[in-house]
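What follows is a pair of complexes built around chain A, which joins chain B in one and chain C in the other.
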Partner chain A sequence: MPDTATLSQPILQIDAVTKEFDGTTAVDRVTLDVAEGEFVTLLGPSGCGKSTLLRMMAGFETPTSGRILMRGEDMSKDPAYEREIGLVFQNLALFPHMNVYDNVAFGLRARKRTEGLDRKVRDILALVGLEGFETRRTGQISGGQRQRVALARSLVTSPDVLLLDEPLSALDLKLRRQLQVELKRIQKETGITFIFVTHDQEEALSMSDRIAVMNAGRVEQFSSAVETYHHPQTRFVAQFVGETNLVEARAVSRDAVGAVLAVDGIDQPFSVPLVEGSGIGAGDSVWISIRPEYMTLGPNTDPAPTGPTLTGQVVSHSFSGSTVTYALDSAAGPLLAQVPFRAGEGHPFPNGETVQISWAADTTTVIPG
Partner chain B sequence: MTTRAIAIAVLLFLPLPIVIVVLSSFTSAGYLSFPIKGVSLRWYAEFLGSADWLKVLGTSALLALIGALVSTAASFAAAWAVVRHEMRFGTTYETILLTPLIFPHAAIGVIMIVTLSGLGWLGTFTGLILVHCILTIPYAYRPVVAALRKADPALEEAAASLGARPWRTFWLVSLPAVRPGLVTSLLFSFIISFDEVTVTMFLVGPFVMTLPVQVFSEVLESASPIIAAVSAALVLFTSLMVFVLDKVIGIQFFVERD
Partner chain C sequence: MPRSLRIALLLAPSGLLMCVFLYGLIRLIGSSLVTDGQIDLSYYEAIFSRADYVAMLGRTLRIAAMTTFFCLLLGFPTAYYVARYRGNRNFLLLMIIFPWLVSIVVRSYGWVVILGPRGLINGFLTWTGLIERPAKLMYNDFGVILGLVHVLLPFMIIAILSVLMQIPRNLEEASMSLGGRPSYSFRTVLLPLSLPGVLTGITLVYLMATGAIVTPLLLGGLGDTMLGTEIFQEVMHFFDYPKAAALATVLLITALAVVLPIQILERWVARRLSDGGSQ
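Up next is the complex of A and B:
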């Protein structure tokens, strides 16, 4: 069990950090607390400032304003080589003139921790599955192996925090999935805090303890993977993390569980839960997000099910193994519904068919307008 | 067809003077002539037995060595400033470094006479080093700057994030990354300096003389076959250097644009 002191103090604190590059704001007042041993992911589209934020943590850029604290101490001004922070680069940046062993040993030698160096290097190479590759040149190994060398090189000095800037993005899908699992295992085994950058939301959801979703230099939401997917707090997060249906709604009134909402095309206002302190009151216009997999489709002739229901036309459908995703047109706008598909049953709804679309009210996430 | 014929003719005629010089160095006669009268190594023996010739050979070798080291170091520093620190007016600066390539050598010679005598270095070894550096820097600069442009700056950041202080990073990461460029610069500026005549002949004097200039002045005075022997030795030496260059980095490096 970690003692309470380490639990109460985050290992890394980003405190209102802003970075401007002559006029453009790359990182905008970002505040994050990272706990020791956590796997945190920075997720966001290209150009949203992920690398810039990471480079400030590593010490390659100085914040225009704000502070970065390590175990409570401000290190914003410390040079990179004095920080106990490892970095795995997107292009790996392995030293081309050294073999695998010397690449991995570099950090220990630079930090003058040569006692037991050979053991440490060999142990870490074993951890990443690269025994026997010691004398290979970095040009003589595969992409996945180069990835492991980069990881081993940064891990061997046991940094307080390891930063990883899209380390898997250059790999093919299969290798990528495999390395995601391994990366997660290595993180668990070493107990080192990982801050991982990606623009792949699936990767973020499958690996992270917590995800910071970034957009245009700002962190829009910082929460657990489950929370991020199921309770997006902004329209951007709802759309960026997974597929979703965003529908405009009006809060008619508040009730015991949350709010009663009215949506164009749905006859009955329905009651949805609200997160505490959402500040939504009667008369506000809001957005609701419903994941496609929570949508149910039925023949238009069926009696209306409980829960929000409306009709729409099938525009197209696409088959993806165990599910079919229908694109629908409705009075509430275009909608997606992902329904289970079993062999032999066929596509129940041809294009152009009018269908009944419904979902359970409590799977609705309300986002302030 | 005609272009092909011209190309073949050029290829044949270009090395012809060299072949003639080398062949005539093996003559046994007391004067330069071609075809040669008899075969002997006497002029090589004379060359290697002459204290005067060996002295200028030593001067040229030392001059080329120091010149190459200084030029390469200066080029590396300049290239570092231009590439890594994105120096303001970097391209202007590069152009200035390269001007000795296009400036007429006679003009440089005259300017250098004035400059060196102002400094009190005319006819001295120090003066020659200065001038040879100016002349070889354009050749030393290009390979270094090309290598530096190719090197990944993330390597240095990687080293820093692994705890390496700036000097360690420089020695263990930055320098090795441009080693082929540095070797090329060293060899190339050595060759240029070792063979330089046109500017150097303005600047030599009774106290300092280089091998190629000595050859030149001997040719004016006498037609001793020893000149052919010395020239042949120069050709052999230069070819060796080019061979080494080709082995180390490939001659492609000079032909390619960066």
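Up next is the complex of A and C:
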């Protein structure tokens, strides 16, 4: 997987930035490089520091230590109005005393770039699909349209970076999905670097080139959406991004490409691949993460399949058309399995049934304990 | 209890107040216009034919305007500071309202102690030898305006503050993130949005300043009184009710001539803001 950030100079660099408020650390030594034209998401639960980090990029907070560089130049101390950074606020912050046109034109007028202003405003309104809404007041349009106005207002000045602070969180699910797609399209068309903040992991996975998962002020992992989902590096990332099964394991031995793990309730130790540079050694206790969709279930009477296998009881199950999700109780603790639904005798497995649970060893992600 | 009856009961006190107020107002204007059943404009002719009364009217309006101006100049930044204060805002509010707990006579007299010929400032300046004889800091317009600004400033602050509190802090940040320098953001975002409060404050302070009695009486010069004080003296010292009524009517009309346009402007601004701001 090519790491775009290393190909050219990053447009935005967050260099060991820390922010403290009255002795509490909101952002803790965060380092991120964002490449030009990239769609990066800061993902984390509320209070993880993602909004504070965004406010520092926008220029509304000053880092306690560390630097924020734009095209290689330190701008940590620059006031917000001198930065070429747009910001879409969570509550949008549209100007209530102006119509749609004046809201969008605001940035150009404030920066005294009035040449071709009318053309630019109308072009950007066309881009977000708001032609004909110029003279509407911001109170007279729907939530989705207000969203588009906020986006157009921040895009019209062609900022180097556009920050988006959970702009979709107030919308209903359907509109949200629709705007996610549109946001992505607009980002592609304009080529502007987007930094998107959200606590919704599905939103992050579906939109981002790369995701920075934040927890307690720190970036736990910064990698592509696929990488983040399939190779979580910490327990937090594994649990926060998607559903997963976390099981305690012990490394029995270690070789160049992997390790052999033993798990309580599984008879045979099994070997798993390790990412390069993994510091796990023999004797370490670790966590393994297996996504529910990689689990296979079979009748207890079947011959043991290859790969780690254990038995468990069905606690509950829910049928959702093509798949069935089982909550299971096993010697390794509670597990979730999402398996394709096959019509036939004994399917889905009834609650209380003892079943054979297994997965392919190479779908296991090992997380340091 | 039926709803209509409840409303009627609630309205009764205000109705009573309105009736008494209107009766007083009609009697007041009537007594200045009617003598022995005949329409008689002689009181008004007498007022406008006397240069000292015309000067007094002009001075009253000028002092009221300057008081309003200085209240706005001091009140807006104070209100802004309080609105954006991150700590205990109620404490600041208490400090602003605190002077209201002290009688206006005492507050005005306090300025006598400070500004008088043997007052704090003059005493200090003569003691240090910076001046030889006391400077005239009161018994003139300066003293009156200073006293009135002190008395009326809280009204301006509260009026503006109530509107500023409704303006999301985000809007200023949005302006800044769009490249608006602080002065630009103030002019295009904060000021237009706070205009209803500013206009309310101007109306309140201007009206109260034109009708001020005690402060001009204590801090003003003997020769140059304000209309409110003059009316007070006509009633309390000379018992010349029709003349006082005529003066009061003149004051009322000149005040309305300023306040009504402001009120209309305020309605217009508020309407413009409300249909854009409803979310």
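Convention: the second predicted complex is superposed on the first by the 352 of 369 C-alpha atoms of A that agree within 3 Å, B and C clash if a C-alpha of one lies under 4 Å from a C-alpha of the other, contacts with A are read in each partner's own complex, and residues count from 1 in each chain.
We take it that a contact is a pair of C-beta atoms (placed from the backbone, for glycine too) under 8 Å apart; a residue touches a chain by one contact, two chains touch by 3 or more.
Bear in mind that the values here come from a model prediction, so they are computed numbers and not experimental data.
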item: Fit or clash between chain C and chain B when superposed on chain A; value: clash
item: Touch count on chain A, higher of chain B and chain C; value: C
item: Which superposed partner A:77 touches (first chain B, second chain C, both, neither); value: neither
item: Which of chain B and chain C A:188 touches, first, second, both or neither; value: neither
item: Partner chain(s) touched by A:137 [first = chain B, second = chain C, both, neither]; value: second
item: Contacts of A:99 with chain B and chain C, given as first, second, both or neither; value: second
item: Overlap of the chain B and chain C footprints on chain A, listed as residue numbers; value: 58-60, 79-81, 83, 85-87, 89, 91, 93-97, 106-107, 110-111, 153-154, 157
item: Complex contact set, residues of chain C against chain A; value: 168, 170-171, 173-182, 184-185, 188-189, 192-193, 272-279
item: Chain A partner contacts - residues on chain B that touch it in the complex; value: 152, 154-155, 157-166, 168-169, 172-173, 176-177, 179
item: In the complex with chain C, residue positions of chain A that touch it; value: 58-60, 79-81, 83, 85-87, 89, 91, 93-99, 106-107, 110-111, 137-140, 146, 153-154, 157
item: Parts of chain A lying in touch with chain B, wherever the complex brings them together; value: 58-60, 79-81, 83, 85-87, 89, 91, 93-97, 106-107, 110-111, 153-154, 157
